[in-house]
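In what follows, chain A forms one complex with chain B and a second complex with chain C.
After this line comes the complex of A and B, so read on.
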């Protein structure tokens, strides 16, 4: 049981970082952006291209990847999505468009890297420390600490700071926020950049921890959506709780039911969480 | 070259049937669903298992497979009936990719290896038979869609699409029509699955990836609610264009992703253009 818990906490920490990014963006856009996962994969591949294929130091490759993917996320969340919403596109159109964007970026990465999976970490993995019957490597400990600290910081920023309150206000009603004198464009941009940086950071950390391949973007988009919806009542930072719950469910399926059904558990989770979250909220009553 | 043409024809039929299954929902109730590939998978695998493992006669196996897919469609409709909009689309995405993972893992579907040596419905009847079966499958499905759209049920469904609350207030049975739509969409998708199984004689989980929905979904969006034959013709057109790279002998490693990029980009452009045109029309009407 101890090892299951350790495995769930380690994978939940990666999920938490990705989900925090998605939850921040979702709080303002309310769009199920399936292209969110491509930020994670693109950051991982970009860091690999700079660090491994061009031999740059991680001190250069990591900030460069973060900056470029941050700009990509900013373009999607702060430019493309608001423009599409202003033009009158429906949420379901945006969902389909984000899926198409995911497929395009995934295929571009597949062509550029010949569909190869990548790994930036050391070939000799350190044994790590024994914790509750499982083993935790220093990198895994760093990932866990980062996600808990970032989650807690975000919770405090959203609840206590003026910027956090402004983000919530714009998420609730952008027009009212504009009338009240808030710089809505700046807040959307700031929020989008923070969301993209969190996801890109998760992608770079992941590329040092396990193998990444171009198709993983879709899986992480779904993970982020499920975690966000589970933790939705707790606000954007609730995604951290959602991520750990999902990771525990997934790890239980992995260890107790069948390892092959791990991904199916995530997708079943997507279906169940959506049915639960939106049950009878938008439809006419029967009878 | 003849075999390649036949393969493209078979692909047109499978895509056309899936487009008709999506059209039941999208042009009917107005829901965008992404699970018909899973229903096609149910049809294909039920037929393959019954025909190879239990030696059922092919015709009986095909009927059982289409019925199973229709029943699965009904169950899915029941599960998603309280959802609308992007939540509904995403939930059906969950069903689609979840089923794909199940096909990859279950022993009965022979996991990633798939099931081979599937008997043909018409034996080794030659190419003329294969073309005949293709046309028959399309005629059946398009006829079903056309009959449904012209029936009283189809009219009620159209009213529900235009104004759900208004149609309900005059007594339109929403739940019954959601169930019937699910059942019919499942049957047509199942027919597509059975057709794939009997013509390819081999089914594997890769045949039912959600990205495979790109072309059928594109056909439904481009056809924009026109007649069922319009949906089929557009589906066939997109398949022919997307398979064009194979005719000119391009490498499948690059041609596959490049084709997908081209289709996705075109579909995105068509989706935006169609929606904006619709909005302009609505605004002009006031």
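After this line comes the complex of A and C, so read on.
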């Protein structure tokens, strides 16, 4: 049981960072951006390219990767999606376009890195610390701590700061926010950059923990969508709760049913969540 | 009317272009090689990209060296190799063989490095009567699969059986768990090892198969840990092997790890780190880079001259495959049947990977060495 708990918390922490990034972007764009997961994969591969293939110190490779992928995310969320919406594209069109973008970037990474998975690990491997009957490595502890701290900080910023309130206002009604004098473009840009940085950070952490593959992007986009939908009633922080719920479900399937059902567990989660949200919108509340 | 005319013009231009392409391609075949020599095209289906791209590239280096040497030496033929990337996948390999046979008109094919694509492509080559010679595919399924199939790497029946013997007698293991990759190679090794180990009185306490794209092995390792083995046999490749060793150490698993020849690759150390130390595995290829055999010495020297680095096992296997096909063509001519007959009668051939004799199933039998990982290096195991 301890192993399951530890595995769920570690996975959940990665999922929480990705989902928080997605939820932030979704709050303003209202688009199910299937290309979101490529930010995670691209950051991991970029960090590998800089740190392993060019021998740069992590103090250079990590911030550089974060900055470049942050710029990519900002371009997608703050430039391309608003332009597409202005051009009259419907949400379904945007969903399809985001999926095509995912495929394109995925193929570019596959060509650039010869379809090989990458790993930026350390040469010294130590036994993990015994925690609740499971084992936690220092890197896993860092992942969990990062997720908790970043999640808490973001929650406080959204709820307590003027910038956070402006993000919520633009998310609710961009036109009204503009009329009230808010710099909507700047807020969208800041929000998109934050969203991309969260997801990129998850990708970089993952690349130190296990191998990353060019095709992982779609899976993490689905994870982000499922987590956001699960936690939607709880507001912006709900994606974090959703992430841990999904991670627990997935881990139970892997450890109790079959370890080969990782993808099936995530897609089953998507199916159940979609059915649940569909039923909620069909069945009106009592009273 | 002008639109119809434009449309007709475009179709005519396209049709002419396509006709020129086909005609040029055909002419190239009939022209012959340099200075009146006959041009002979060989095919190579190798994983040039994908998870085992290192093997594909190393094999192609060995093949290219053999072809360069053949072209310098041959008075009758000019050899060229048409490469196709299997990406380590069966479907890609089948498509690649079809293209090599139908379009490039190859007379022999080298490939694949791994068993799954090789098992898939052999029937296609067999139907076309084109010999295939594999550098490193080892699944027992391939033995006798086609009279046109040969390999310079021993079947897993040799390696798996050997490791079962080592586990039971030399290492004194009583309970072993198996972690195997879910493909022809992993399943084949699992079966051979299980049979051999249980025949020696050992017990297989767990056998977990994982998919090729698996990166997190903790759920599998947790199940294995619960079974309480004193040894864990890894029937997979270097990338998954490295990840398993690393994650097992992190989970505090202290069992003895046994591996396969496929684990000898620098990436095992990169991924596994110092957790790879202590892995015991068979080296069943016959390749000894320090051998004084003239064929090995000449190969090593030529490789270092061409590429500026040492060859390694996989390059040597690729070299032997290409050299055997070239020798067959020089001796009997560039036809599938005559090449096949030459290969089938090959006995005591001195190659870069030692002595090669094909049995009636197209297999070779080579001595097996036990090796281990020690301080990040692959060394001979001394118990």
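We adopt the following convention: the second predicted complex is superposed on the first by the 276 of 287 C-alpha atoms of A that agree within 3 Å, B and C clash if a C-alpha of one lies under 4 Å from a C-alpha of the other, contacts with A are read in each partner's own complex, and residues count from 1 in each chain.
By our rule, a contact is a pair of C-beta atoms (placed from the backbone, for glycine too) under 8 Å apart; a residue touches a chain by one contact, two chains touch by 3 or more.
On a predicted model such as this, the values are computed, not experimentally measured, just so you know.
Asks: Could you tell me if A:225 is touching chain B, chain C, both of them or neither one (first, second, both, neither)?
Replies: first
Asks: Just checking: does A:32 make contact with chain B only, chain C only, both, or neither of them? Give me first, second, both or neither.
Replies: Touch status of A:32: first partner only.
Asks: More residues of chain A in touch with chain C or with chain B?
Replies: B
Asks: So, A:96: does it touch chain B (first), chain C (second), both, or neither?
Replies: In the superposition, A:96 contacts chain B only.
Asks: Does chain B (first) or chain C (second) touch A:278, or do both, or does neither?
Replies: The answer is first: A:278 touches chain B but not chain C.
Asks: After lining up the shared chain so the two structures overlap, which partner does A:122 touch, if you call chain B first and chain C second: first, second, both or neither?
Replies: second
Asks: Applying the touch criterion given at the start, work out whether A:87 contacts chain B, chain C, both or neither, answering first, second, both or neither.
Replies: After superposition on chain A, A:87 lies in contact with chain B alone.
Asks: Tell me which partner A:210 touches in the superposition: chain B (first), chain C (second), both or neither.
Replies: second
Asks: One more residue to check, A:260. First (chain B), second (chain C), both or neither?
Replies: both
Asks: Enumerate the residues of chain A that count as touching chain B in its complex and touching chain C in the other.
Replies: Residues 110, 114-115, 260, which sit in both footprints.
Asks: Along chain B, where are the residues that touch chain A in the complex?
Replies: For chain B paired with chain A, touching residues are 32, 79-87, 89-91, 93-95, 97-98, 101-102, 104-105, 111, 164-165, 168, 174-175, 211, 214, 217, 253-254, 257-258, 260-261, 264-265, 267-268, 271-272, 275-276, 279.
Asks: Which residues of chain A touch chain C in the complex?
Replies: 3, 7, 110, 114-117, 119, 121-128, 130, 135, 137, 210-213, 215, 251, 254-255, 259-260, 262
Asks: Which residues of chain A touch chain B in the complex?
Replies: Result: residues 31-32, 84, 87-97, 99-101, 103-104, 107-108, 110-111, 114-115, 218, 222, 225, 258, 260-261, 263-264, 267-271, 274-275, 277-280, 282-284, 286 of chain A touch chain B.
Asks: Which residues of chain C touch chain A once you look at their complex with the stated criterion?
Replies: Those residues of chain C that touch chain A are 48-51, 53, 87, 182, 208-211, 213-216, 218-220, 222-223, 239, 243, 245-246, 249-252, 269-275, 376.
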